[in-house]
Amino acid sequence: MSVFPKGDFYTRHFQPSGKEETLVVNMGPQHPSTHGVLRIIVELDGEYILRCEPVLGYVHRMHEKMGENRSWVQYWPNTGRVDYLHALAWNWAYAGAVEKLAGIEVPERAEYIRVITCELNRVSSHLLWWGAYLLDLGAFTPIMYAFDDREEIMDMLQMPTGSRLTYCYYRFGGVSADLSDEFLKRLSRFIPYLRSRLPMYRDLVTENVILRKRVEDVGHIDEDMCRRYGCTGPVVRGAGVAYDVRKAEPYSVYDRFDFRIPTYPEADAFARYMVRMDEIEESLKIIEQAIATIPDGPYLSKSAPKPKWSAPKGEACFAVEGARGKITYYVASDGGRTPYRVKLRSPSYCNLSCFAEAAKGVILADAVSILGSLDLVIPEIDR
Amino acid sequence: MSGRNLSFPKLCALGGDMGQMGIAEIHHVRPSQVRGAASLLLDRGWFIETIACLDLREGILVNYFYAHFTEPGRIVVRTLVQREEPEVPSIADIFQGAEWHEREAAEMSGVRFPGNPNPLPLLLSEDEESHPLQKAFEDRKPISNIVDEFIKAECWPAFISREEIEAEAEKRAEEAAAAKAAADAPAAPKAAKAAKEAEA
Amino acid sequence: MNISNWTAPDPFVTTPDMLIRLVVGLLALAAFVGANATILVYVERKVAGFIQRRPGPFEVGPQGILQTIADAAKLIGKQLVTPRGSDGFLFWLAPIVGFLPVFVMFLPIPWGESTYVVQSDVGVLLILAFAGFGVLSLCLAGWASASKWGLIGAARAVAQSVGYEIPLLLAVLAVCFSHGSMDLMAIVKEQGGWPWQWNVATQPLAFFIYFVCALAETNRAPFDLPEAESELTAGFHTEYSGMGFGLFFLAEYANMIVVCSMATALFLGGFQGPAAPGPWWFLLKVYGLLLVMMWMRWTYPRVRFDQLLNLNWKWLLPLATLNLLATAVALKL
Amino acid sequence: MGVIKEFAEALKGLKSLIVGLGITGKEFAKPGVTVHYPRKVVADKDLVTYRGHIELVGSKNDPAMPPCITCLMCQSVCPSGCIKIIKHPPPKKDPAADKNAPPEAYASGLEPKTKAAPPAKEKPVKTPKGFILDYNYCSLCGLCVQSCPVDSLRFSTEFYIADPSKKAFVYDLMARLKAQAGTATAKEKE
């Protein structure tokens, strides 16, 4: 069978314990359901997965080193490119870490703007995930409906940020542009619209018996496993743990809003699916409250750093709840022009690390289902 | 933050303020005590966030970040390893998720984690020999340049003696200065010429 | 029709009249299959487009009507790549094996009262027998391409086709029982022009089972597991390029027409219809069924492989057997 | 009982499948939502907010000249290093010009003060000679626009740009501004 007996570095390390009657296949780096260039070496016994090992690094960009050789302000565009689907959360994590380090005050309006835009971005990320997950499961149409709604979000986010995907919108001490009244009006029109779409999503997909059979009782990742692997976000909430950084380490003005942390105790792919679907509604609820109570004022602090600013020495950590889980920025500064060390804790990376254990013994199709339910963004894993 | 009473063997616990720096507690341990800390934290329900290495003049500072699903706060367990022998025992059998963090730290900062079940490169290519997050000697800063209080802490000398580092730094600086002077001497006329050309 | 009257048609003693009919019929069928597959691909993409609220093919010709022809030209123009390590002969035999039997399957289909190629007493049997060739082609393709994904796809295809052929057969058999014939023309003629006179009114369960099995037999979503692209990249035709892939594609659509034609003849009254019966009714019904197939494809997720087999062995097979028994009992009474 | 339950579940599942068909069927009948690109373009309201590559803003007095003071802030803050400003060379001390000037007369204080103000110190030309943007490497972060002290930069809304060559995306923004000013004045004349 094997035409290329040698294999590459990782395959050679993977193979020795393989049995005769099993099949070692490479899922990826170019595979439709790995959402980018992720490679998973899988040992198959028939359709069952005996063991598997993810191989990363195909889109590694060394963001951490780039942080060390460009100035504090110049690092901004990098933050939007780590996780292109929820770029504003990464923006926020960097802003938060440096603001904590330097003690920069953020005006109240800026905090509200951050909440609105970040939550809107979360909705768009979840919508895309929903479509892409259904694509993994073989349904082609939902992603088009999701894109239809997401398009409106992107148009709206373009109004203040000017970009559509890799936002670079937040600044130390605020944001780079104010929200226009037109944006707020359009947003308040959009929220009821999206709410009216959600029942359609539910009837088309969530209630669909084929989908239910595909995701229920698949890919158990329970609380203990989450702890050992450091899984966060919808994965841990799908395991019944109400862990959300917005509540656990309240940052910004999240403590002023009334929202629920959706949890499902089943710990399977369907629980994670439902957590995300509920989160869309919760995010809409937060946005609604934020629009109603957004104060007037400056959108950028007067003490906001100038371009050639350097942070004072020290170290700071800041965590943000991204669409995929807990995003943590750790910055250490020696008072120099550039950060001394930037460490990015990306949620997808930790969530994926449990895949090898979760996918042991399942059917190949279930592995795809599990992989999709983790909601991976490969550039965030590889950084 | 009080009342947690995490009593694993450590050198000292110092610093940390959730509001100021986002880290509730910082515990300094010896490399051999990392595993004990990890298993205690797992028992108490903490999960590992990430492992971050800082390349310092004194050595490589390995930080383990832990957080909790129900309690607020973040605990950092940090240990310093000498550059000559950068080894910390692996905690991948306690926190399975640490396997990847350790592999990343190993290839990026050159710390070895004996006991890691799968010590392959993770993000870099398999034949990469350099460690990108290791800094050049002149870029390495002593820890006092980042955080003062660690130096004041009594536990720091347990890691390393201050004089040693300073002596080595001085020696290096002298060498560098000598080398520079040697290089500059013949290069000076050239540089002047180049400057003239640039002007023209 | 009485089965005892049936004699094997000997090709060497056929009358010139029959020979001409066969030759003309085959030529017409070739044209029909080609034209219909082209149209179906276009229709499929338009349906997908409209369901997903986009225009679908639009640029080549008015409303993109020439898109499939452009695609076919592109496929024909592409280099045929034989992967390293594959069995070249079998590799290229597979798409041909998949495509050729389709012609034979079209032969006994009664398009209209006088529009048919061959009227055989065992028309149903002929179609079902040659339908088995399809799985051989998938198996060959997957095995010969020396690709692990292809191999898994081939294994899936075999398990799926073999499994689903049984309830399909049983469902068809129930209809044949009630008419006492395996001649499609006779079965059509015994049905009336109005929907309540069709077999689907008396055999709804058989029709349901037949349709589900037909979806599975033609590897259409939600049962497109042999080529499940999110799991197996493209399953058995992962390694095919150019017209090799094109032939599989063509065969898929031709097979769809066959199963829908058979469903029309067996359950939906064939060319019979209100007012004037004729081939247009037949085509209308076939296209109606095809549209439903497409509609389903663009609505549902894919089932999992074990669920697919469970559905077959735990639901369809017992139901089909019960249905057959009930039919037999009802006939006896 | 188990069998009945199974059948009930199967029927429920079938119902959900039919509901799904109903939804896609309804969507089938609705008009499309995509923008049919060459025939239709993105609505202006969504276009004006787009932040394309940067361009220079004409100053009030001279629309063909930017208010740029060549402080090089944008150039130094750009994370990708894609802005290059070419300064005018510093004014050369022309000995002939020096001779024409009557420094001695002024120095002596004999000249009448009403004649003219003493020639001001020659101002270094602050406007840029050239302003090159290499859009290939731009990450559209907007730091340059934000850091400009005289608001000489803004975002264009241009995104219908495509070219097989990288060279096409190295923009000479001064020339661009001149062209824009030219078309603007031409329009005014009309």
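So that you can tell them apart, the chains are marked A, B, C and D in the order they are listed, and the count of residues begins at 1 in each.
The rule is simple: contacts are C-beta pairs under 8 Å (C-beta built on N, C-alpha and C of every residue); 3 or more make two chains touch, one makes a residue touch a chain.
Everything numeric in this text was worked out from a predicted model, so none of it was measured.
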Drop chain A, keep coords as is, and the touch graph gives B | C, D
Averaging over Cα atoms per chain, report the distance between chain A and chain C in Å.
44
Distance from chain D to chain B - Cα centre to Cα centre, in angstrom
42
Chain A to chain D, mean C-alpha position gap in Å, rounds to 31
Starting from the mean Cα coordinates of chain C and chain D, work out the distance between those two points in Å.
58
For chain D, jot down the residues that touch at least 2 other chains.
17, 20, 23-24, 27, 33
Chain A residues counted as touching two or more neighbouring chains:
141, 145, 148, 204-205, 208, 210
Specify, in ascending order, the residues of chain B that touch 2 or more different other chains.
none
Could you classify the connectivity of these chains, where an edge means two chains touch, as line, ring, star, complete or other?
other
Just spell out which pairs of chains touch, all of them.
A-B, A-C, A-D, C-D
Partner chain B, residues of chain A touching it in the complex
9-10, 13, 53, 56-57, 60, 62, 64-65, 68, 97, 100-101, 223, 226-231, 236, 241, 243, 248-249, 313-319, 326, 328, 330, 332-335, 340-341, 343, 345, 349-350, 353-354, 357, 382-383
Quick check: in the complex, which residue numbers of chain A touch chain C?
1, 3, 23, 25, 31-33, 44, 46-47, 134-141, 144-145, 148, 204-205, 208, 210-211, 213-214, 363-366, 368
Name, in rising order, each residue of chain B that touches chain A in their complex.
18, 20-23, 42, 45-50, 52, 54-55, 63, 65, 67, 69-70, 72-74, 94-97, 99-100, 108, 118, 120-126, 132-133, 135, 141, 145-147
Touching chain C in the complex: which residues of chain D?
10, 17, 20-21, 23-25, 27-28, 30-34, 36
Of chain D, residues touching chain A in the complex:
12-14, 16-17, 19-20, 23-24, 27, 33, 46, 49-51, 73, 76-80, 139-143, 146-147, 155
